[in-house]
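Presented sequentially are two complexes of chain A, the first with chain B as partner and the second with chain C.
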Partner chain A sequence: MTTRTDSAGTRATSPAGARTNVPPPQPGGRLDRLAAPLAPRATAARVAGGVVTVVGAYLPWVTFVLNRGPYPEKASLQFFVAPFGVTGFRLHLVLFGLAAIVLALVAVPARGRILRGLAWGVIAVSVLNGLYIAVQGGGLGAITASDGAVAFGAIVALVGGVLLLLGAHAGGIEPRPEWRRQLNPWVERGVLLLAYLALLFVVAAVLTSGGQGGAANPFSGAVFLSFLGALGGFFAALHASGLLTWITALSERHRLFSVLVLLVVALALPLTPAGTEYWMTVAANIGVYAATAIGLNIVVGLAGLLDLGYVAFLGIGAIVAANLSGAGAARFDIALPFPVVMIICAVVAGIFGAIVGSPTLRVRGDYLAIVTLAFGEIFVRSAQNNIGGLTGGSNAIPGIPQVELFGTRFSDRIAVGGLRLPAGVLYYVLIVLIVALVMLVFSHLKESRLGRAWIAIREDEDAARAMGIRTGPIKILAFLTGATLAGFAGAFFAHKTGTVSYESFRFTESVTLLAAVVLGGMGTVPGAVLGAALLFTLPEKLREFADYRLLLFGIALVLIMRFRPQGLVPDRHRRAELAHDPADDHLVEGTSGRDTGPTPRTEVPA
Partner chain B sequence: MLTTFLSQIVNGLILGSLIGLIALGYTMVYGIIQLINFAHGEIFMVGAYGGLAVFTYLLPTFVQQQWYLALPLLLVVGAAVSTAVGVLLERFAYRPLRGAPKLAPLITALGVSVALQELIRNFYPGATAALPFPRVFVQGTVEVPVPGGTVPLRWTGLLIIVVSLVLAYALSSFVSNSRMGRAMRAVSQDPDTARLMGVDTDRIIVLTFVLGAVLAGVAGILYGTDLGFINSDIGLQNGLFAFTAAVLGGIGNLKGAVVGGIVIGLVKTLGGQYLPGGTAYDYVWIFVVLIAVLVFRPQGFFGESERVRA
Partner chain C sequence: MSTAEAVAPERTGGSPILVADGVTMQFGGLRALNDVSFALHEGQIIGLIGPNGAGKTTFFNCLTGLYAPTAGTVSLRGARLPQDPARVTEKGIARTFQNIRLFPSMTAEENVLVGRHVRMEQSPLSSLLHGPKFRRSEAAARERSRELLEFVGLARFGDELSRNLPYGDQRRLEIARALATDPAVLLLDEPTAGMNAQETEGTRQLIFKIRDLGVSVVVIEHDTKFIFTLCDRVLVLVQGELLVAGTPDEVRGDPRVVEAYLGAPPEEVEAQLHGGDGDGAGATEAPADPVDGARDGAGSPTTGSHIADLHRADPHRKDVHP
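On to the complex of A and B.
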């Protein structure tokens, strides 16, 4: 978690801001200019924006029968059911609109900034729903007028959002207020507890919003995206008020308490509406990738060594686990208890990690990325060819038995006391514990001597060496540690999914993991978890766009890099990749043409 | 025995010169802006599909039937489509990120690569499966006599080798002799100084992308003509090979790219023939060679040894 490191702060301290061809990631300047004529009537614009938003919310959005929809009759009002039975985007828009009107009239610190967050939320909700209706619901006619009724709710709401945004900018965007108040420690803990419970609620709502994707529920993707948009606006507004910063500061003051409460809160997810077998499985899968992403974060985020074949370690863990599980297709006819298997997987993956990492002794930067990519490809090819009869080849290794401890199979539904818990809840608990362990390892390593050595290597390897850091072994150690963590996750993965196939460990998966780390924010734990959660939930939710999943993913990568390269949760201390090191600026020693010319060999803080 | 060996050499040379052609684009872009343009393989793929689209939907039948009319046309079209995509990418994906953290353009490139591949797969009619590509060249093989038999040489293979070598030579003389080529070299050595000397660096970078894309587009058409079908994932696969080739030869080095491509081609065909595991493992050998070269000669065949910065 960061305290005061918002995007503007990071950028202001970095020399990158001085470069002309780095675009400002937020179009603040242009919007300010655009809103300037409105400045004398900023309050009026804000109120008008709020009113128009509310009106837009209550206008009809669709005027024809949506085939297969939950409302087979003329769906003039609402076309999907929102999380927890609340009436979806309409409710969000009304709340946002009313909040905007109140904020426009009542003097609250940083209200312009808060309004800006709300405005973006309104815009996101109206654009997403409008687009969805137009594209999936039968063309532009659906959002304008047809059937005698006028259905331009989406357009009116969008106008409201834009008005709000301009009004917010016209009145000026204040700096984010800082809450310095110290309360009674127990009151502070109470606040934290409430905040974490709210977080639990939000996580459950995000998971369940839109329901299960797939043919039976064609609106799930739209509902989910719309909810995400609203949530984004909501959190932007909260952040603008300084509340999130304050809570982050509180959580750092009561660190142990926060960690324990978060763990309990995470374990309480099965008690929320997300507590069904399906969501437990989704959450467990997210957990696997989150744990792996944290492992990758050690290699990429801390030590600055770009790894493009990282998913191989997850695969190695999974394959080892599959072979030791007693599955019919396994190479060895033994079934070891799960904890033992896990440790073996971690060790084997760690050994491979050291092997893959050993070229770091001689290879740097982009070249290292290529070496790791090569190792990843070798792994996939070998697994595809069923090397040594270990991987099952294209038949995969099916029928891996469920984890069993004390006579309870982890896939069974269990009851604690009078509470009936969904099937798969034990897997969920297990993966939460694994992720917690991985997080613990990561955060302790990060603050340790070793972690500081990694960061030093990332910042400047030669300087680090000059300071007496033995860079070689320490770089290999980064690979080893990261791979070990992935191996753990792999063992879990094998048993949870029951089938291990080389197809789960292709280059695309490595890219997705890397994207998760970068999207979340490199070098931070919450970042990796958030990134993994987003990148592995979206495909689950956007089932009806199954064909376009990868396409959207590719476009999303490009957009993220363009507009928020520092990630959602940027690391306070990490500057190497973001702050532009002027020494790295020249494209040193490169010729494109002459074969007599020297080769570009810049060491890259990749 | 000898005939098998020689025909695998021939196959290796054909594949290798094709890969070398793609590798030139990688190596030039890396030399100029130090970006691993992962999307370059996709530019190659898009060129092939562009040619296929024009051939299928635009060309009148009599042109389709005459290869000496159709082939040059397709080569031009492929190059044009690839160039358009390459220039758009440079302008809208990479240029905004110039000066951004190193990882940002790399991940952008990966994203662009995925997106382009999926665009074609989803929106080109029938591209979810392999599509037949017109064989717009003389079909059949010529039997080259060698001691102990004959070695078959495909005419299309010969075409690939000749076109690749000619283009590579043309490119290298352009870069070393022309005014623009000198500007390119200047930018790759030091963009800031080059700018001070009056070189329009933005234009030079676009030029680099254009040159690379033209070669990739031509390679795409040649690939389709030789194999007779194309797939939406040919870009990823061949792009990876080509990148490997560029690294092998010493990235930033034109001669190295071609030599690296030929080495890759030979390793693939000969490894598939003679090494344990057969063709199922030929990819593995390519990457093993890559790792070995990078570890023992990180600068590649033709690169100069690393100058460690203080």
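On to the complex of A and C.
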């Protein structure tokens, strides 16, 4: 907000309001102070941190036999199999430690910042695995000493990580370097292609890491989280080097190429290690929620209208699809073709969206959130009570037939040429196309008169009205569009899962969707997809933590809001703002007239 | 300065474009505006001055459809204006706000593009499909936005987030955004608040340029020197009533204005007001001294002393509360 200094003589030169955007204090400030005593020996601390991390990776991590999997028996020689004698999280730690030692000794731009990323990765991996072993092993004895056995791997690795972090801060965190390199356009496209291929394998690795969750595989959650932690550190380090920013700039320069390659890359997922029926199903579910989250992103991210009952539109789409596709328990005895069903679902959900959106004409902010919350609840209760015989009540609507195309059922295993593809791959292809379509809708609308009107309403509704935006219809249109996209996804969801029950569309799902949007980044497509992927993969992986699922979400959201309020993939504008920070100061100082000095205004001319 | 003096003589110009007739605004027991009438002619710049709480911003809100007047009518080119800010803007009235209300996380250019909203032929369907017609309308809007940024002198900040612009530039961006709606009438609510002398002079020149485009302008401002050298006519609003209306010279010489504004023995202040005639530099700034009069916006108006603090705008009190 602007302030006016009105004491005599200063009014004329009051640029006090000019700096409307004071950057928040850097979270690293306290760490910098903490690391200050180490400053003279920063390099030594960094090297030591790396060495301790590597040592920690080679030490035993458990004092008891934890079956098998990534926590090998302390006494076995399993540590010493290829390549560095370790696998899994130990391999990550060894690589991070070695990278840290190299970076500590070799001058690289922004190495303090890169090391900080690696350090947080080491800390995340050691804490997550240590905690898991301690909890599963029945106490801190499992990661220290008990029953005559010692195992300080987790603690030593944690010390290494902290040492590395302090060393990084002690040597100073440099600003992120900017890569302004312009290469031959085809070389740039080649770089992008490699980056997207790498992304494909990262996605496949994340998806399959830890394996299929469940009773047979108690480690899946811990391994998955540990992998995410390592990946987070790795990407933080990459980002610190300026590489990710450069690649983003490249992708913006070759937008169409990027979109096409990404689509192909997404379709190539079945060819990676993730190409099994199980992972195809998980990926298809993620796709459903990603499409829905993008729809929600129109309402929340663009128009700034908080919707707490959004999953109801997905439910409406699914229920309509269930009733029109010839399921045994359906209300209507018709079986329309899938594309027709999809369109009807989208239209019906859109109509409900407009109805739910209509209170926005009268209520704003918190009150609107309560109205949408009530709508979500009305939907769930109505569906539970089998309203109009449409929803099947607690029996749900089972037996929704598979989508068929030219006599091929989408759940079948198929072979293209000599290539044998897993069952469910057609559903995966279909959902990729649906998500691509939804993304196209979102980004087209965002870059249009309508999208700008939505953003204007989010920013300042009164000013938007003063600019001639008829806010009522435009807000209803936001609800309608978002609900339509969710309805689309709902039709797919019904056919893919084969059963539609009200239990899939409860408040928790709405909150998770909202969390996905906020976590990923409000108003961006990749953000919504990433958020949805994370939040709907986690329950799959963390079956053994099912009771703590909401608790974990809560903690994750609090951390994101504290340390990265713009979300994992921030909006282009917010990125621009962050990138421009130092320049802004210059901008403000240079043109506000502060340098003209105070003009004596109180004098009375003779 | 010389430009100002040259154009200051009354321009009655063309036919009346914006006419308010007996506008009265009652908030519960408080009569914020009482029977205010005025006519803005084509090509005119009218200044609206008055102490804090006189109802200037309320009057703006009535003109732009944000408030529905309790009595009286507002008409543009003879047609009554609708009770909806969006449609009033469509009809051709644009405004800026007393405390800047840009869209902070949009770029300068996007802010102006939002102003083009009402003048763009672009249905939701074409927004979705991005066909050739969409591209044409989008390109035209961007072209116009860049022109307007250039017009107010912000061309090089087009890609800057509006919240990162310096204060004075934000005010100019708000004007560009308002101009993007192709208004016939532009209402400026304290366009120079918080500006230094140099920036104020820049704003004066900008308003003349806008007038030369054929846009009629109404300006609220506390800086009387600014108003007297800018406007063709000046209205003085005190306690919701139109006290005086006339040319800057008439208003400046009116003892009631002096009394309402300064609450001091007229001779003394009059001397100050007229003393600034020649070069005008800061002549009327003296009353801004905080020694003069307690701050009391809500009190009763019977004596002049507490309405004298005419430089103390409180952005939170007088803004739009729909």
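The working rule: the second predicted complex is superposed on the first by the 510 of 606 C-alpha atoms of A that agree within 3 Å, B and C clash if a C-alpha of one lies under 4 Å from a C-alpha of the other, contacts with A are read in each partner's own complex, and residues count from 1 in each chain.
Just so we're on the same page, a residue touches a chain if its C-beta (ideal position, glycine included) is under 8 Å from a C-beta of that chain, and two chains touch if they have at least 3 such contacts.
Source: prediction; values computed, not measured.
Asks: Mind working out whether A:L183 is in touch with chain B, chain C, both or neither, as first, second, both or neither?
Replies: neither
Asks: Could you look at A:L557 and tell me whether it touches chain B, chain C, both or neither (first, second, both, neither)?
Replies: A:L557 sits against chain B, while chain C stays out of touch.
Asks: Touch test for A:P359: chain B only (first), chain C only (second), both, or neither?
Replies: So A:P359 only meets chain B here.
Asks: Is A:L514 in contact with chain B, with chain C, with both, or with neither (first, second, both, neither)?
Replies: In the superposition, A:L514 touches chain B alone.
Asks: Should A:M467 be classified as contacting the first partner (chain B), the second (chain C), both, or neither?
Replies: The second partner, chain C, only.
Asks: For A:V102, using the defined touch cut-off, is the partner it touches chain B, chain C, both, or neither? Pick first, second, both or neither.
Replies: A:V102: touches no partner chain.
Asks: So, A:E377: does it touch chain B (first), chain C (second), both, or neither?
Replies: In the superposed model, A:E377 contacts chain B only, not chain C.
Asks: What is the contact status of A:A453 with respect to chain B (first) and chain C (second): first, second, both, or neither?
Replies: In the superposed model, A:A453 contacts chain C only, not chain B.
Asks: Touching chain B and also chain C: which chain A residues?
Replies: 16, 21, 462, 577, 580, 584, 587-588, 591-593, 599-606
Asks: Which residues, counting only chain A, touch chain B once they are in their complex?
Replies: Chain A residues touching chain B: 16, 19, 21-23, 306, 359, 362-364, 366-367, 369-371, 373-375, 377-378, 381-382, 384-385, 462, 507-508, 511, 514-515, 518, 522, 547-548, 550-551, 553-558, 560-562, 565, 577-578, 580, 583-595, 597-606.
Asks: Quick check on the complex: what are the chain A residues that touch chain C?
Replies: For this pair, the touching residues of chain A are 1-2, 4, 6-8, 11-18, 20-21, 441, 444-445, 448-453, 455-456, 459-460, 462-471, 477, 571, 573-574, 576-577, 580, 584, 587-588, 591-593, 596, 599-606.
Asks: Flag every residue of chain B that touches chain A in the complex, lowest number first.
Replies: Within the complex, chain B contacts chain A at residues 27-28, 30-34, 36, 93, 95-108, 110-119, 122, 172, 175-176, 181, 184-185, 187-192, 208, 236, 240, 243-244, 247, 250-256, 277, 280-281, 283-284, 287-288, 290-291, 294-296, 298-300, 302-304, 306-310.
Asks: Sort out for me which residues of chain C touch chain A in the complex.
Replies: Checking each residue of chain C against chain A gives 64, 66, 84-87, 89-90, 94-95, 97, 99-107, 110, 113-118, 120, 122, 124, 127-130, 134, 137-138, 141, 157, 159-161, 163-170, 177-178, 181, 193-200, 272, 275-276, 278-279, 281-283, 285-286, 288-290, 311-313, 315, 320, 322.
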